[in-house]
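The first chain written gets the first letter, and so on, giving A, B, C and D; residue counts start at 1 in each chain.
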Amino acid sequence: MTRSEIGVGLIGTGFMGKCHALAWNAVATTFGEARRPRLVHLAEANGELAAAKAAEFGFAKATADWRALVADPEVDVVSIAAPNPFHAEMAIAALEAGKHVWCEKPMATRREDAAAMREAARRAGTVAALGYNYIQNPAIRQMEALIAEGTIGTVNHVRLEMDEDFMADAAAPFAFKNGAESGYGALDDFAVHPLSILWRLAGPVAAVMAEQAQPYARREGRAVETHEIAMALLRLESGASGLLVANRAAWGRKGRIAVQVFGSEGTLAYDQERMNEFQLFTRDGDERLQGFRTVLTAPVHAPYGRFVPAPGHGLGFNDLKVIEAHELLAAIDDRPARLVDFDTGFAIEDAVHAMARSHRDRAWIDLA
Amino acid sequence: MTRSEIGVGLIGTGFMGKCHALAWNAVATTFGEARRPRLVHLAEANGELAAAKAAEFGFAKATADWRALVADPEVDVVSIAAPNPFHAEMAIAALEAGKHVWCEKPMATRREDAAAMREAARRAGTVAALGYNYIQNPAIRQMEALIAEGTIGTVNHVRLEMDEDFMADAAAPFAFKNGAESGYGALDDFAVHPLSILWRLAGPVAAVMAEQAQPYARREGRAVETHEIAMALLRLESGASGLLVANRAAWGRKGRIAVQVFGSEGTLAYDQERMNEFQLFTRDGDERLQGFRTVLTAPVHAPYGRFVPAPGHGLGFNDLKVIEAHELLAAIDDRPARLVDFDTGFAIEDAVHAMARSHRDRAWIDLA
Amino acid sequence: MTRSEIGVGLIGTGFMGKCHALAWNAVATTFGEARRPRLVHLAEANGELAAAKAAEFGFAKATADWRALVADPEVDVVSIAAPNPFHAEMAIAALEAGKHVWCEKPMATRREDAAAMREAARRAGTVAALGYNYIQNPAIRQMEALIAEGTIGTVNHVRLEMDEDFMADAAAPFAFKNGAESGYGALDDFAVHPLSILWRLAGPVAAVMAEQAQPYARREGRAVETHEIAMALLRLESGASGLLVANRAAWGRKGRIAVQVFGSEGTLAYDQERMNEFQLFTRDGDERLQGFRTVLTAPVHAPYGRFVPAPGHGLGFNDLKVIEAHELLAAIDDRPARLVDFDTGFAIEDAVHAMARSHRDRAWIDLA
Amino acid sequence: MTRSEIGVGLIGTGFMGKCHALAWNAVATTFGEARRPRLVHLAEANGELAAAKAAEFGFAKATADWRALVADPEVDVVSIAAPNPFHAEMAIAALEAGKHVWCEKPMATRREDAAAMREAARRAGTVAALGYNYIQNPAIRQMEALIAEGTIGTVNHVRLEMDEDFMADAAAPFAFKNGAESGYGALDDFAVHPLSILWRLAGPVAAVMAEQAQPYARREGRAVETHEIAMALLRLESGASGLLVANRAAWGRKGRIAVQVFGSEGTLAYDQERMNEFQLFTRDGDERLQGFRTVLTAPVHAPYGRFVPAPGHGLGFNDLKVIEAHELLAAIDDRPARLVDFDTGFAIEDAVHAMARSHRDRAWIDLA
């Protein structure tokens, strides 16, 4: 490997595995990176599938044994897009092997596994980042910048909604995600996404009061063990109040992550289903002309211009992963990067576990 | 007074007083009522203003003494649009004088006053209705009908938001509404409106867990005693879960009452800032064509057609009061009417008081 | 009649007749007029209906003979809401009797009748106004003010669309509006409305190149004689370019009047189906924050505040007629008024007739 | 080269050159193509830039001489993304060298050059396709399918708008696009895009009546030779009526391509600025529930699912090029493909030239 390349290993070829592969294929062309990724090794539980996907995705080697990939000296960075229960073992092994790690969210279903991952990352000294791609949207980046600049004043109230409808069909069979082994339900499956945005826009959560609900108690005669709906009252460290709700059974919502941030001088709003725009209201100027403006993302909102030089032409879901890959490469090169690392990732998941306890105890829980 | 007329008295000539006057002037022309209102008597604390407004609004007599109005034998129905602290005394006096009463919301700032009003109404036997005009919107009526017909299946989750920005300016002086004597803040000033809609669409609340927040703790050096922001987790009697938030300091929101109702077969959504439309998603039919449809209110959504025979031409805020007046006249004539009476009105306000206790005690409160 | 009253006669009790009646009932209460309308005389071709509607609408006298109404010395102003073919005869008679006239649009189906009305108005010296209610919308008024103030710079391009779907059903029977005696079709039935807005926002039309189309050539085996679709390229006197399209067969459009005004410094947009808001883009300020803002009408947009003192609460279609009535009363009292008089009304209809000739001759037509 | 690869040459590395490079890098991973593109040769007028971009984009060889690329036996398909005036010479040379050609739109600024390209393609027998990427949007594809299936009945009226604001600044200096050598202006620069969509959704244009306008006659004291605004009345071969407008000086519009298609049973609408959704109204079913529905694209709208398996997550502008590359590979393999070939591309540009003549002659022009 020449100095200008970096060797990539990818574990998993499903939804997010393919998304990582697309990002690794696109990042150099998009950003003109000094370091061009070399797609070295692909792991997938099924060996035949591994070989087929390696050919499709452009990886040189394929394996059914992810440990072989982690041990491969040509691999510098490991993308982990395997099912959630494997994240901890894989990430810790990769970190211990001196690799950089780019792991899909959530870190783990169990709090202690996430804590172990955090510790491994602290020990390793390599880059350990989580796949919270929504925060990479130029619209979210711009909102974060505006809040930092004081455009909407001091943030005093935040609302977060995340809704999809893949669990909305009452007649659907009992699925893996209906069992307790998959986690809490909407709380960990969904809520971490809006929380990752919240952390960027308004900072950490200090206390939570949560409630979960089951729209359908049984499927195929079997008791559903997860909750499709999670709601929480929030108190942020900043003192701002907040509200969080997630629903996997919300008919008609497909990829909704709705964010409203209220400040002393204005308001920002966003909906992931229209990811190329955000809404801004500021209370300054001629009162007759005040209103929420719809800002279409554009080259003035970096790094949009790396994808398209014309404004309002639109990025897609997969483009966010390309930005994330670029940030990861920056971090690897010790340049400033905007990522969710394992420390912040743990804090987000810790808030989720606190919400589950709050639901159980019907009480407010303070985060340490 | 002939059989075809009904004598009207109006107390108060501010925002809602004028709104009542407009409704009384319009209801017969709009609905072709059998009974035409006769505008008999107007009361306003300032006698000169009372006379001027009586001339403007078309009332025959004016007084600075609301008790004279209540005692006037020509008055059959009393519109109460005086400041909230006077509602109880006026409504009870009018009911005891055998009048019908149309009182603006809320009933009272104190729970015991509202309870006394409810008792007076039960004793009186005349019609006692509250001014919850938003439920009169043909869009809300249609949503209610669709839910009753099962168009979205069983309701399992509801979200309610009410936001305006008249308290958003941090530099504004200390106002009446910042003092404890005005009530809790957003909780009673705002939340009763979305709750009145909730009651129609999804039924009563069974339990609440609430939190209030102050975006600005002080004004003019004086501690603010109310909360501009109120949030609550809800459990409905039906078993559905819910979320309620109200914010009087939400920059850019002007008359937002956003409602989302999720059911087992679809979803309904509404925003009062676009009051002539609602959103409906149903999961039936060709999956390629599914999406939220924006339904513009039209003559097929009664009683829209009484105002305009063409669809999509739009009603306004004041038109909702005309519908309410029509419902009131129906109730007076013992015909079926769709109103918030003093029993339901008390239940709504009782939920609000429970939320205040929940905030204080940081605990879930069950409603009796 | 005392000095503070004005006697009103109304001819016609259909869609727009009822709308006039509502406006006459509401204008004094809404605006606190010095002059309160007295509802003197109602005319309707059917005498029994006239009597019934007079009772409903609050008129003192009823007649089947509109000439009796015009001759009534108690009547000061005549509202004409009879079918279009009668407008000319009625308006001219009323003007010659010294009455003020408030006539629904269009003036007449034939150009020469409209010309005769214009001449009668010039001779009479009383107020003669047309019912172009859409221009009374506070949103349109505000857009007009912004253009006058230069907020969007010099207007260089305008687009106007008016669409409804009451003629969209191919299987509907042959109706009056399908016959040549009703006029051209969308061209005169619809296009005059957006043209009335155009005249306010960007001034008169100088040249037209038009085309009409028939989505359905036959109904019930009979040739349709009108055109449901009309389109025109426009050149304005100001030099700006423009586009006009009207469609009475546009499925799903209910009351759409979409206006886009492009200027050298910004853009304004409006849609009558969301009549309580307009869109504004200006190119000034921080480029990262530029976007179309949605301005909700509010008390800062006169005369919105006469209806509701709170912003964003919404006016309705009928409220626009109340504003028009107020302007009419101002004109009668020799105060400045914002109305479409018979001169401008004729110019608008003249443009429509020119479009019809352009369609016939397949050529540009210059307006005199 | 093995059987499973195809050799790619790319001429040009600007906006669209980079877009092609991204597509060539992504298409195999996205679609699991049998044939994986091999990035062989990159040409750019400046040799140093060529080398730098070849490294960034992943091409093996770089050249300042596009003829060397065309002559390269390893190159099977040539992407042409050089400035428009060079398209004809390059495309004809590549076709004559037996290569497949993927050329950015428009074919040429002069009609005779486009005609020569068409002839070369007919002679060559290889695949010759144009870069009309907007038609590749799953939303547009779905609209096309719905129209073909009769979901909105017989199309009788179409409206097309394309607007951006890069020419809106009156004070900007005289640019290449203001000179006659660049073409007509909005007419050829923009209008071909909505026309490519029109051709898919409603078929060819039969007659045009066009008008062009200059918002700013001079820049830097020099007469502007192009027109930023173009408008046309259309008659389609199907008999439907249509309207086309394009504006490069439309403040606030960034990538708007608004399409409205009216049929005898419903209406479809689309706006490129919200490219992941379309609007559909159908007149069937319960009239109380009719409204325009917003359909978010999803895996049910092929080939969306190749990018993201979850609905409503959003594609971007660059993804459309990946779909186009996939179609091109299908055509090369003699499988059915959905592309704008040089025959249809010529017909589109022929319509544009007819519009220019119509503007000049102020007359309707029939297309042969």
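Here, a contact is a pair of C-beta atoms (placed from the backbone, for glycine too) under 8 Å apart; a residue touches a chain by one contact, two chains touch by 3 or more.
None of these values were measured; they are calculated from a predicted model.
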{"item": "From chain D, the most remote chain by mean C-alpha position", "value": "B"}
{"item": "Pair joined by the larger number of C-beta contacts - C-D, B-D", "value": "C-D"}
{"item": "Interchain centroid distance [CA atoms averaged], chain A/chain D, Å", "value": "34"}
{"item": "CA centroid of chain C to CA centroid of chain D, Å", "value": "41"}
{"item": "Gap in Å, rounded to a whole number, between the CA centres of chain D and chain B", "value": "53"}
{"item": "Shared interface positions of chain B, touching two or more other chains", "value": "253, 290-292, 296, 298"}
{"item": "Sites on chain A touched by chain B in the complex", "value": "152-153, 156-157, 159, 161, 165, 168-170, 209, 211, 213, 215-216, 229, 231, 233, 235, 240-241, 243, 245, 247, 249-253, 262-267, 281-283, 290-292, 362-364"}
{"item": "In the complex with chain C, residue positions of chain B that touch it", "value": "15, 18-19, 21-22, 25-26, 28-30, 32-33, 36, 55-58, 164, 166, 253-256, 272-276, 296, 298, 307-319"}
{"item": "Sites on chain A touched by chain C in the complex", "value": "142, 146, 151, 277, 280, 287-296, 298, 300-301"}
